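Just dropping this structure here.
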Amino acid sequence: MSGLVVDFSLDLPGFRLSVAERFAPHGLTVVFGPSGSGKSSLLRVIAGLEGGAEGSVCFNGQTWQGPGRHVAPHRRAIGYVFQEARLFAHLSVAGNLAYAERRARKAGRVPDRAAIVAALGLDGLLTRRPSGLSGGEAQRVAMARALMSAPRLLLMDEPLSALDDAAKGAILPYIEAIRDGMQVPVIYVTHSVSEVARLAHHIVMLEAGQVRRAGPAQDILSDPAAAPAFGIRAAGSVLRAEVLAHHDDGLSELAVAGGRLLVPGFAAAIGTRVRVRIAAQDVILSRQRPEGLSALNLLEGELTDVRRGQGPGVMVRLRMGPEQDVLARITQRSARALSLAPGQRCFAVIKSLSIAPLDVGGSGSD
Amino acid sequence: MWSEGAGFPDLTPLWLTIRLAGISVVILLIVGTPLAWWLAQTKSRLKVAVEAITALPLVLPPTVLGFYLLVLLSPNSMLGGAWRDVTGTALTFTFTGLVVASVLYSLPFTVQPLQASFEAIGRHPMEAAATLGAGPTDRFFTVATPLALRGYLTAMVLSFAHTLGEFGVVLMVGGNIPGQTKVISIAIYEQVETLEYAQAHLLSAILLGISFVVLVAVYAANRRFPVHAG
Amino acid sequence: AAARAETATVAVATNFAKAAEQLIAGFEAQTDHRITLVTGSTGKLFAQIIEGAPFDAFLAADQARPARLEAENRAVAGARFTYAKGQLVLWSATPGFIKPDGAAALRAGDFTHLAIANPDLAPYGLAAKQALQGLDLWDALRPKLVMGQNIGQAFSMVATGNAELGLVAKSYAVSNRNRESGHHWDVPEALYDPIRQDAVLLREANVAARDFLAYLKGGEARLLIQDHGYHVE
Amino acid sequence: MSGLVVDFSLDLPGFRLSVAERFAPHGLTVVFGPSGSGKSSLLRVIAGLEGGAEGSVCFNGQTWQGPGRHVAPHRRAIGYVFQEARLFAHLSVAGNLAYAERRARKAGRVPDRAAIVAALGLDGLLTRRPSGLSGGEAQRVAMARALMSAPRLLLMDEPLSALDDAAKGAILPYIEAIRDGMQVPVIYVTHSVSEVARLAHHIVMLEAGQVRRAGPAQDILSDPAAAPAFGIRAAGSVLRAEVLAHHDDGLSELAVAGGRLLVPGFAAAIGTRVRVRIAAQDVILSRQRPEGLSALNLLEGELTDVRRGQGPGVMVRLRMGPEQDVLARITQRSARALSLAPGQRCFAVIKSLSIAPLDVGGSGSD
Amino acid sequence: MWSEGAGFPDLTPLWLTIRLAGISVVILLIVGTPLAWWLAQTKSRLKVAVEAITALPLVLPPTVLGFYLLVLLSPNSMLGGAWRDVTGTALTFTFTGLVVASVLYSLPFTVQPLQASFEAIGRHPMEAAATLGAGPTDRFFTVATPLALRGYLTAMVLSFAHTLGEFGVVLMVGGNIPGQTKVISIAIYEQVETLEYAQAHLLSAILLGISFVVLVAVYAANRRFPVHAG
């Protein structure tokens, strides 16, 4: 029985967290939910830090917690990035990293120190004391330290919250590499929709201590019903794609159901299967093929449903192929003006640049 | 009255004292650390009682405590008898006995500051260490101990100084035997009692001087390697 | 010195410590025995002997405790004897403070504190109390009394100028360093019970200790003891 | 001399912060810059917490720091939201708030407790100890505490970084109210581009301890040269607009230079002058007027320049009126396909829903 | 030797002791707090020396320290003389003198734990308080003090217990005047010395009993209102 399976409840004064969930054995699961919904507590239970949790936690067939059994946190081979940095004040940055590395090596796991230090941009900071770090620097060190323990399960609690986009852009590929390359399942708490969109294979949505929805990222992000939870702007669809070509003008061409997509160039061999996320927000619909627009991408599909939410928008679903939908969020007024109805053929107009590199993820393994 | 010439005093008691204080501090740290750690961590109802009992040796006048220890450690008693049966030596009127008495008497000075600084660490750094693969002993020594350094400093200074100066207990249990149990505090005491003031001043000055140098060294070291609280 | 050389530990009441040091020196000069001197208050030494302290002889500051040791078979029967009789003096650190008649100085009450040893603890304290009672001054002077736990502490209180007067052992008042400074008045012996200081042998087998006690009774020792402000029998 | 004027340098081991800047006397200034660029240090100097700073800090004509003068932090009547919550561990949440309130009242300033507690959603938390708060809860309490001191200058160091969009959505209007209503200047550190876009009147960009750019938000956000610093996706333009009508279908209609805009409805009286931000990312260009598209907004303007950046995109500027530009970020390929050149008339196609309420700010006072 | 019947002992020394310990602790806190705070904050080069000096009273045997205090506080001395000129009373052989002596002797037990816990607070909470409008005194009492509660507890327990038990200094400086300077530790000591063991046991038991109750109460209160470190 591989992967992480939890089934527990935890009572805190005035708050009850109750989760029964099977986490995918690989890939990255985003835990998403409002402030105070129990995300950090869930990670703490998985790590074995909440003595009061009742129930079971199993990882790759090993019972970490169960009736009469509690594997101590230090035997779980996890990496935990806490919401606050929690660096060791008595050690330098290098000392903090070495602390993790030494224990990982003793347990036979070998972290790639140079790669981690480079990915997190810590070269200039190694001799610093934690008290002399800025907020974002401390957060990067904390993340590096967790990675240095070469964990078999990575728990990350808003690891990028104190970082600017440039730093995120430098770190995210590394997290993706872990997610895809090292077969280390990652459980990742974030409030950032772009991180969800970019990283998540799976999503667990918590609300008031309960799982409200859980499933593959693709399903949840393209489910209009789930959209409000992420903020309507996060809604979108994920299409399976294959790399067809890389062009000189910096665009890459992908084959998807319903047509071709030009997206900002990225590194992947021709033929690689990738996933592309298209935000519902960024899609314009047209009944006939539009001409003379700057937008390069035009996908044709069958309109399957038009769904009203609150506010002035509606969510329109175009089917490009089996399980390959594109969502478009447009105004009711437009929907009326175009007399949209299920069964029609429609064009989705998508700017290449709105499919920013952030939204081009690896194919994952599921 | 301050004028008497004084021959240079016999320093045997000083070395004996330093040995006693050194050994006592080491034993105090060995005994006090787990006790303080337990007190800092436990949620047991016993905690409050144990905390109170730990402070009790302080409450009795040293000589009186010494008297009770004398009774307790005497070869006629269960404890002292058992010790004699096992080791072949007595606990009273021996250096070993002094160590036992000093440790008991100075225990509060070790346990209390340690406990306070262990409590101040909180659970966050220890949890972080656990997730990095450090077991309880490992993280105790690599995280709790360095973060509690200030507490260790206080504990060591208080117990060391207290063992240097303490003489009521030691006098009673040790019997003031030159070279064996006659520590410097007793020697100075004796000189004051026998009006050898000049000798007493000299020994006191030596004791204060050495202590001052040791303390300054300890504090300066602590200053050089501080743990930043934030 | 035909006898085999031995060592002995002798416990001595603090007030006699100075004299004992010189006695031991004299004794060791005559024999091959070696004596280790341990000093302390009579009460403390007594408790330690009861608990098995490795003392071979005990020179107390009173008679009661040696007698009790003997009665409890902790001391060699019949070996007890009075090695010195203490004398009480009125002493001041200020020369001339005591008029030729100390009793008059006490009566004048021209002082704030009179230091004595604790009458409950120290034979000299008891003697001081008896003397004051004999002079009919006990009740009047009580508010001015300060007490040391032993005669040494009482002496310190006077020596440091905190108490103008003290009723202390003559041995302290006449010790080398106090001969010139201060001034003392011998309290008439009729005013207090004799302060007999008894010695006992604790371990019969210890030749050195036995020889030392014997030495104490000899002429040379007696002179030395007297020189320290004690009477001998 | 009103507003905040600083001119100082601060030497930390291995880092030098040197800022000479006049902050606007009202409105919100966003301090933006990569991790470790000195943002927090700048706030600390303004608050008077960095003893080592050399130079001057003046606020509303008062010299807070200058030659031979250093007004203690507690006399500056500032509110400071630290990057970490820094709640008082020995006080409950209510106690933390009362701590600030009592001292503000003593100094004659009266905070609106009920409004603050409501805006930050603290009703259920008041009796809690800080140790029992989640990360986001603690951050909200810290923000409330700073507001409870009814400051005359508000310093906020990434105050919303631990919060989800829903919580941000509840809090941002309150910050806007402070910014606009209370005449309290706010200096606000953030990494979030949407917060910059929504809140900033002014922007100070720090880099390695130096101010790289500073000025009105409108100028900086619509300056293609500044765009990379924010991440290219933040580039955009700010148009002055006037509310024309609120429609039944949830859209509000605005008059802008170059035409009309339909945007998601928001509350503002007809005739109110507002600012609308249009992300360059969200604009599609067309040479002729397009038909049959779901996108409702069409603005016509004159193409003034086309500027290549790195990557596959170009930034195109359309002038709608004096100082009223719309930026569009499109691919080079499109630019070529449409043969774009300065001087042409062009249409900007903008989806109503891409102008989300976040980007409709008050008009500010400048 | 345990058999002597004992009348119920005179409890005057007990009340005197409790008064002495109580007053001493209060004065120690008043004197020790600013000293500890200064030591925790200062970057002065003097710090190390002051830290060492603060610990020195511990090093001397109590009776000897008492002897020196006797010299120092004597009306013939500058200090004692000045005191007499100002107040009309002497410092030696009075309750006031006892308090002075106790305070000097127990100072390290107050200063050291306080300093350690002030240092553990770090500057973050104090900075936060400053930005909320709290001046230095205000934030000292409303932030530093409550956060250092554990340090105050340790300081109070150690100094209170130590004052209860300490008698060497007190004896010398106080002169053992019944009702004025004869504290319980001296009383018990006397009983042990005079072989009044039964009385000594009784008084010790009373002292231990009361101390135990007080300590348990203090620790239990501390447990109920802890400051969570994390």
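Note that the chains take the letters A, B, C, D and E in the order they are written out, and that residue 1 is the start of every chain.
Definition applied: contacts are C-beta pairs under 8 Å (C-beta built on N, C-alpha and C of every residue); 3 or more make two chains touch, one makes a residue touch a chain.
On a predicted model such as this, the values are computed, not experimentally measured, just so you know.
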Shared chain contacts [chain A and chain B, defined touch]: none
Smallest count of steps, each to a touching chain, taking chain D to chain E: 1
Remotest chain, chain A as reference, centres from CA atoms: C
Farthest-lying chain, centroid of Cα atoms versus that of chain B: D
Mean-CA-position distance for chain D and chain A (Å): 26
Whole-Å separation of chain centres (CA-atom averages), chain B against chain D: 60
Centroid distance [mean C-alpha coordinates] between chain C and chain B, Å: 34
Centroid spacing, where centroids are CA-atom means, of chain C and chain D in whole angstrom: 91
Residue numbers of chain B (touch at least two other chains): 63, 67, 124, 192-193, 228-230
Per-residue overlap in chain C, given as positions that touch at least 2 other chains: 44, 47, 153, 156
Sites on chain A at which at least two other chains make contact: 84
Set of all touching chain pairs, with the criterion as stated earlier: A-B, A-D, B-C, B-E, C-E, D-E
Residue numbers on chain C that touch chain E, as the complex places them: 41, 43-44, 46-47, 50, 112-113, 115, 118, 120-121, 145-149, 153, 156-157, 160-163
Of all residues in chain D, those that touch chain A in their complex: 12-13, 33-36, 39-40, 83-84, 132, 134-137, 140, 157-158, 161-167, 169, 191, 193, 230-231, 233, 247, 249-251, 262, 264-265, 281-282, 284-288, 290, 292-296, 311-313, 328-335, 337-338, 349, 351-354, 356
Parts of chain B lying in touch with chain E, wherever the complex brings them together: 47-49, 51-53, 55-56, 58-65, 67-68, 108-109, 112-113, 115-117, 119-124, 150-151, 153-154, 157-158, 161-162, 164-168, 185-186, 188-189, 192-193, 200, 204, 207-208, 211-212, 215-216, 219-220, 223, 228-230
Chain A-facing residues of chain B, complex: 124-125, 127-136, 138-139, 142-143, 146-147, 149, 227-230
Residues of chain D defined as touching chain E within the complex: 47-49, 72-75, 77-80, 82, 84, 86-90, 99-100, 103-104, 106-107, 129-131, 145-146, 149, 155
